[in-house]
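Mind looking over this structure? Questions follow.
When the chains are written out, they are named A, B and C in that same order, and each has its own residue count from 1.
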Amino acid sequence: MNVIEVNNLSKGYGKVKALDSISFSVKRSELFGLIGPDGAGKTTLFRLLTTLINPDEGSATVDGLDIIKDYRKIRSRVGYMPGRFSLYPDLTVEENLAFFAAIFGVKVKDSYDLVAPIYKQIEPFRKRQAHNLSGGMKQKLALSCALIHHPSVLFLDEPTTGIDAVSRSELWDMLKNLKEKGITILVSTPYMDEAFLCDRIALCNEGRILGIDTPQGIIEQFDSKLFEVRADNMFALLEAARQVEGVAECYPFGQAHHLVADDNFNMYRFKEQLGTFSNLTITPTEPTIEDVFINLMKQ
Amino acid sequence: MKFFVCWPAMRKEENKVMRNNLFALVKKESLHILRDKRTMLIVILIPVVLIVLFGFAISTEVNNVNVAVVAPDRTNGVNDAVNRIAHNDYFTFCGYINQDEIDQQLRSGKVSAVIVFAPDFDRRMEQINAGLPSTPIIQLIVDASNVNSAGAATAYMQEILLGTESQQAMFETRMLFNPQMKSAYNFVPGIMGLIFILVCAMMTSVSIVREKEVGTMEVLLVSPMRPTKVFFAKMIPYFVISCVVLIIILLLSYYLLHVPMSGGVWGIFSMSLLYVLLSLSLGLLVSIVVKTQVAALLLSGMVMMLPMLLLSGMLFPIENFPKFFEVLSNVVPARWYIEGIRKMMIQGSPFVAVWKEFTILLGMTVLFFGMSLLKFNDKLE
Amino acid sequence: MSETVISVRNLTKRFGDFTAVNNISFDVYRGEIFGFLGANGAGKTTAMRMLCGLSYPTSGSGTVAGFNVMREGEMIKRHIGYMSQRFSLYNTLTVGENIKLFAGIYGLSKQVTAKRSEELLARLKFSSERDTLVKALPLGWKQKLAFAIAGIHRPEIIFLDEPTGGVDPVTRRQFWEMIYEAAEGGTTIFVTTHYMDEAEYCSRVSIIVDGEVRALDTPTRLKQQFNAVSMDEVFRMLARDAQRGE
């Protein structure tokens, strides 16, 4: 049985359609990632699944419970970390944790072994008020509070946005550990490079899902040839490359540009036509999640 | 069968969890309030400051009114009347002036009132006493740029001037309970009405809406915690604070301002507690209706405090209102509270005498709670 | 020979006993895309605000577009463009109204405003959206429009504070193409970002850690210096011992 089932879920705000007939499912103990930029509908989806708002159309179940009919039961058993820091800034780390434990009717020490690997990192700061913590520590505290009642499903809305790179990888390690303990995790992120840390992902944009698969599976959906091109004058290269026959797309990609080739493309002809560019190189390369995303967006 | 045997134990366990929940919430709310030292200071300080200010510094009493007299014939009657004014503590007799000096004296502010005695005062006075018709024999020209004190001064002067025995029989003008119209008696009930709306309605609603705005409400909702409990927990600390403030106000009024509590302290206390509950339910209603703290402040401030100040009878007597506002004032809870408190505090009426005010306040409280429950929705939107 | 448009020496900003920016010094040349990299809380935004004339330095000196940061903040503001992630345009105004507003703020005449407005909308292919409320636009469009508006008065320097946060990958690239174009046209771009791949698009990059400039060079030379494959690696090495997180 799927722990999370979403069927044609839609939600609009005025003229804007935040979610447009979304469907997907998450299996038990899966670490499922919603990958997409702002405005993709990730937060709206989380709010629907945690029963904070009602959909316009469609249905969904969490742990077999309907989000409309059984919402109270869902609220008792899931863990939720909303997009921005939502704990009490004027309470200390300890007080926040004790409070949420009491809300869920558990004792802190009963959940200790589940929360410990995370809590240990902020324990030295336990008497500090939450607003004085760094971004990374705040997220660890929020995660501890979300886990305190042994939830079977965890909903994490952009837990890694706005925090430093080191804390980000620490957080993902913690999520892997939790998954191994049997907790199903639905997490969202705008960072494409975090996709590979998930079991399966859904690429989202503007209220729609562009593709669902394992990260590797998504990559394999990219069926054109991809090249990396470089030269001394990168900007001019960009414009020039787009004029060459057989070039479907050429876009900046950090150190090099990525060139998407169609069937008419010929690598040697390309080098010839752009011979005036000094230090021109072109090599085939493997696509990344971002390449797939860009490709799917254009369709 | 087994279920029924276990059920009491399960209920007990569930009850214990629910009690723990509530306790945890109340504890958290208390921590928030106690750590917000600035607000705490304001809540305790404002009643004290207001009472001292209104009690001592500000007054609409008659005090130190400078009076000049125009009297072409200084008859015995005139001298008598002038002496009575001069010997009165609240007036200062500044001497006799001429008719043409009146305007200049008043405009320059040297005097606040001029009493003009008609010529042949004594004879005319006899005529009036005999019941014969006559034109007015005393003209009071009063600087009315301060309307409140002008009215008071005029009334008092009239009382003093006409205080001969014969006139005493004709007019029975006496200021009951507050002959000097001490404003402290007037204001203490008003201050109480104001403070409790401030603490209970405004602060409670702001506190609830803050959770909505900051986002912690989301996390609280996704838990077994019933939202009604969240609201309940928010109201309890403010209820406690209100009781503390109530005691402070009563102590200050009694010992510092000598406001009599003739009707019995318990009656005053009960009425006040009902009013606190009413304000809390108003705060609850506001918090359900608005989304931001600013809106909560505006709604509590504009829609509640302003009518309270203007229409409740705290500053301006209701009897003086035009009909429309007089009717409107029936809707303002503070009006009933202040009336009830005044009756008990100053008139010395027993609690039974204010049953009407009490019932109206009770009805309003039930209404606001009812409206809150109806409008309440445990989803985010 | 490249002319210096920004020159900063020993610039420091203190808030009480907290030193947000500690003694930074660097130059920026005309037509460069100068990148400012660092974690949140490292001091990037504070430093940028000093350069924009939005906040006065505690000590040190600097000139931006020829004006003194210590004394001529108002003149600086008139000669630069500015855009940040947090605020770019007024949501309750239409596209056209926003353009007119900012053109007015920068002192452009009615005729010039009308002409540049047309050009801008045509270039962004927004002409049909002139009367759309900004809040109805997708985030990516908003950011592109905000950047175009930041340059409407043809300033020498445009400051961009985390302009591509949360934006979809396609728009992000289109945005950077706009930046490239502006730089080719002679405008100097000063941009902060925490996307490491965007560091590669910069002519030179400075990395801020704990309020100090720990590295400053072209991306290529930085990678050589730190023996790294990507800017991400360079950054991680420098940020490892950072005291200040967000």
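Assume a contact is a pair of C-beta atoms (placed from the backbone, for glycine too) under 8 Å apart; a residue touches a chain by one contact, two chains touch by 3 or more.
Nothing here was measured: the structure is a model prediction, and the numbers come from that model.
Touch-path distance (fewest steps) from chain A to chain C is 1. Chain centre most remote from that of chain A: B (centre = mean of CA atoms).
A straight line joining the Cα centres of chain A and chain C is 27 Å long. Centroids built from CA atoms put chain B at 58 Å from chain A.
Residues of chain B that touch chain A in their complex: 17, 20-21, 23-25, 27-28, 31-32, 35-36, 214-216, 218-225, 379-381. Listing the residues of chain A that touch chain C in their complex gives 15-16, 36-40, 134-137, 161-167, 190, 192, 205-206, 234-235, 238, 251-255, 290, 293-294, 297-298.
Contact residues on chain A toward chain B in their complex (touch as defined above): 47, 50-54, 72, 75-76, 78, 80, 82-88, 90-91, 95, 98-100, 102-105, 145.
By the touch criterion given at the top, residues 39-41, 136, 138-140, 166-170, 173, 176-177, 180-181, 183-184, 196-198, 200-201, 219, 230-232, 235-236, 239-240, 242, 244-246 of chain C touch chain A in their complex.
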